[in-house]
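Both complexes below contain subunit A, partnered by subunit B and then by subunit C.
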Partner chain A sequence: MPRIRPSTFRKALAIDKALPFLLPECRSIAAAKQELQWIKQECHTKRQVFEFCKLRRNHYPLQYLLKSQPFGPLDISCKRGVLIPRWETEEWTMDLAQRLVSNSELRLVDLCTGSGCIALLMKHLRPKLTVNAFDCSPLAISLASQNAQKLNIHVQLGLQNILDDSAAAALPDFDIITCNPPYIPHSTFVKETSTSVKLYEPKLALLGSFEFYENLVKTWLSKTDAFVYEVGELSQCTYVQNKIAQDSILSKLWRVGFKFDSNHRIRVVYGYKQANTTVDWSKIFQDFGELKH
Partner chain B sequence: MLHSKLKSSIFSRIHFRKLLVLNNSLRFQTTVSFGDFKELHPLLLERAKKYASELQLMEQKMSQGSLNFDVEREKHFSRLSAIVDSYRKYCSEISTVCELQVMAENDESLREEAQEEIKEIIPALVKTSGALLGHLLPPHPFSDRPCILEIRPGVGGIEAMIFAQDLLNMYTNYAHNKRWKHHIISHNENESGSGIVDAILSIDEPGAYEMLRFEAGVHRVQRIPATETKGRTHTSTAAVIVLPQMAADTEKEAQSYERSFKPDEIRIDVMRASGKGGQHVNTTDSAVRLTHYPSGIVINMQNERSQHKNKAKAFAILRARLAEMEQKEKEQKARDARKGQVSTTDRSDKIRTYNFPQNRITDHRCGFNLHDMEGFMAGERLDDIVDAMRNFDSDTRANELLKDAEDFKMNSE
Partner chain C sequence: MTPWIIQIAPIVRRRLHSCCTSLVKKNKLPPRPKWTPEMEKELEEKFLHGGRGPGGQKINKSNSKVQLKHVPSGLVVECQETRSREHNRKIAREKMAFQLAVWTNGGNPIERQTALHEWEKQGKRSRERKSKNKHDRHEESRREERLRDMQEEQQLVESLFRD
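What follows is the complex of A and B.
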């Protein structure tokens, strides 16, 4: 990342005394001004604005400061210890929800739900869905239930480690599974993750490589008709694809596809059963991404 | 002047009689004027009469109860009754004037009084005839819409940006004075924070588009800018675009509109960043750029924290722009069909000059002058120009209509 020139700092200082503090995170004056405006909207005193800006200089996430992050039409509360919803997740969730018929009565399970954003947005956009959401962190579950209460959206929340094989066994079969598992491998965490994320967001929600995708193929595939998993890199997609292709039974039954986000990064691996399902998934997932298997 | 006109208007009296029995002749062109009042063309009155009989028929049917409730018809009905009301008012006022005039001419003793009274009635008559004319002309298809105002600086650097900001303040104040609901959709200041690079103001009052659509065009300012050190007067410009608001507020409606575009017509760009994205970064940048290929419209939206909202706003503006474009095209076609009519409300021209040293605002289309810069920039006197422009527009349109009718008659003869 290029260094910010001292002249830019001076210019920012001339506009507003708090503005230079925002530059390390925002990188440009225009973006910093925009952010300052948002901060000012939420703060009552000048002193508070200043304090927030100083925290921002230390890469403290804006969403934790303002205690919320818009997610589609919803406003999701954010707290230290729970991952902040990302726009990439918002994008594919909106896309997925709009593909379902508006009165579809499917059963959806959201794993690693965190703040509950995916589960809540799906239920909000398609109110007839039955939604279950799980997370292994008590902090996340309490925040998710807080969000559900605030937004008045009814989802079933459960504290459960989904890597635990018994978790799936306790549930009845369902139609679709969504998940935004931790997908940053240890090896690339230091190098490729931004400072703000490294310092302030929970490693529990970030660090992982293949275990969740392995767990998907092993346990959850047998319970569901379709799945949508967020990924961080292509190897995670191909991992799922290969696992399914290598299994003779799964290979016949399942189709797998990859989806890119608006920033042209690989973002989602999804799949669906070709037969014996309540709805025609091939139609729903048409043009959702690229089918690979 | 009034006196002499009244004296020598035996001819006009005849005309009035003819008018009251509603002359059918289209070729009968003479019009009478009392001071600044110009009588409406018989052809237009003919039209009004037609509406009156239609209304009567409708009322009859309604009283019999043979019609079911129909929103469109109810709307039509209310429009008809408005027309007929002002038509009746116009008729009664004009006959009063007529009688007074007869009185003034025949009776020496009452002349003074009658003329006094005529003088009093004339302003009311001008107003009624203006209203009737407005009703009679076909309404603008978007006249009942709320509107979106886009303001951008033109030539003149920082001063133009400051002027654009002044214009934005003026329109905001105007809406505020009228107690219309309004909000700023997007507002981008320049680097020094003294003016705007662009701003979009939404005025959510139904019918605001009808009031403000003549604001569209280039506004020119002549003044000594705050940035000027040697006291010279500068000329700068700012452009105002007025769009009808088309989108309904409901989320569902907006979404179905978004889906009505083919994927290859539209392109949505979001923040471009290197790196892996997703959980790796935690960005607050929610800017959205919307490109519509068939029309070449590009819209940037970045003021909301929510990308979703930015996108929805961008689509609302795209929708308004497309609707306006379509309407402009239609008007252009109609104009072309009329063979070489010069349009008076072309937005490529400067429409208004704000001359600060002379404390004067001039509208170049209707030649209206106003000498109250302070009141105008506070949004209090904007109505004066809006009214003048609307009258001017209905006059122009009435003339076009009459010309059409005459051409038609000539051809058919």
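What follows is the complex of A and C.
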């Protein structure tokens, strides 16, 4: 990353005394000005603005400072210890919700829910859904329930480690499963992850490679008719695809596809059953992404 | 006076006023151009989140930019005013509706713009008038004071001479 010129710092200082603190994270004066405006909207005193800007210099995430992140039409609360919802997740969740018929009475399960963003947004956009959400972190579950209460959206939350085989066994069958599992492998964590994420966001929600995709094929596929999992890299997509293709029963029953985000990065692996389902998933997932299997 | 004159007088007065100035009111401006579903079909929407990089959980971007392109006219608008992508999309569409209205008007300012311009000019004129009035008033009072002072002085001098 190119360094920021001292002249840029001086220019920023001339505009506002708090502005130079935002430059290391925002990189440009225009972006820093925008962010300063958002900070000022939330703060009551000048001193607090300075405090926030100084924290931003140390790469503290803006969402933890302002305690919220817009997610579709919702405003999701954010807290230290729970992953901040990303725009990529927002994008595919909005897309998925709009594909479901507005009065569809499906049963949805959201795993690794974190702040509850996916579950809450789906329930908000399609109120007839029955939504269950699970996470293994007590912090995440308490924040998700706070969010649900604040937004007045009813979802059932459960504290459960989904990698446990017994978690799936206790649930009745459902129609669709969404998940944003931790997907950054240890090998790329130091190199590719941004400082702000590395320092301040929970590693529990970030670090993982194939565990969750393996767990999906092993335990959750038998309970559901469709799945949508967020991924970080292509190998995770092909892992799911290969696992399904190699299994003689699954390969006949399931179709698998990949979806890219608007930044042209691979973002989602999804799949659905071709037969014995309550709704025609092939129609719902038409043009959602590229079908691979 | 005859009753006829009494009846006609207010109307004449009003006409005289209206031919002098027609004031623009801020709450009665021509409406903003509306976004219509037909426009949606001719759009290309792009989301820009700072280009390169792995994205996803690895990066935490707090801003989002929406770029709209109207294909037939080639007009492009951008919006990154708020943190919410949905809100930015809405604002970008309003901007685009406005640009399109100007475009269909052949590049000339639309009714609302001219009205707003007129409103600004009118405000400026009224401010100038008020300030001029104020200065006139103060000037008047100062002159009076000066006159009074001179008179007092004269009286004093006269009274001194008399003694």
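Going forward, the second predicted complex is superposed on the first by the 293 of 293 C-alpha atoms of A that agree within 3 Å, B and C clash if a C-alpha of one lies under 4 Å from a C-alpha of the other, contacts with A are read in each partner's own complex, and residues count from 1 in each chain.
Everything below uses one rule, namely that contacts are C-beta pairs under 8 Å (C-beta built on N, C-alpha and C of every residue); 3 or more make two chains touch, one makes a residue touch a chain.
Keep in mind it's a predicted model, so treat the numbers as computed, not measured.
With the C-alpha superposition on subunit A as described, subunit C and subunit B clash in the combined arrangement.
In the superposition on chain A, A:E42 contacts neither subunit B nor subunit C.
Contact with both subunit B and subunit C is seen for A:Q63 once the two complexes are overlaid on the shared chain. In the superposed model, A:E214 lies in contact with neither subunit B nor subunit C. Once the two complexes are laid over each other on the shared chain, residue contacts for A:I29 go to subunit B alone; subunit C is not touched.
When both complexes are overlaid on chain A, the residue A:Q98 reaches subunit B alone and has no touch with subunit C. Once the two complexes are overlaid on the shared chain, A:R265 sits against subunit B and subunit C alike.
Within the superposed three-chain model, A:I15 lies in touch with subunit B and out of touch with subunit C [touch as defined at top]. Of 57-65, 309-317 or 399-407, the subunit B stretch that intrudes into subunit C once chain A is superposed is 309-317 (criterion: clashing C-alpha atoms).
Counting contacts as defined above, subunit A residues 31, 34-35, 38, 61-63, 69-70, 72-73, 83-84, 86-88, 90-91, 182-184, 192-194, 196-197, 201, 205-206, 230, 232, 261-263, 265, 267 meet subunit B in one complex and subunit C in the other. Taken together, the subunit B residues at the contact with subunit A in this complex read 189, 191-193, 251, 255, 259, 268-273, 275-286, 302-309.
Interface residues of subunit C, counted against subunit A in their complex, comprise 46-47, 49, 51, 54-64, 80-87. Interface residues of subunit A facing subunit B in the complex, by the touch rule stated above, are 11, 15, 25-26, 29, 31, 33-35, 37-38, 61-63, 69-73, 83-84, 86-91, 94, 98, 182-184, 192-194, 196-197, 201, 205-206, 230, 232-233, 261-263, 265, 267. Across the complex, subunit C is touched by residues 31, 34-35, 38, 61-63, 69-70, 72-73, 75, 83-84, 86-88, 90-91, 182-184, 188, 192-194, 196-197, 201, 205-206, 230, 232, 261-263, 265, 267 of subunit A.
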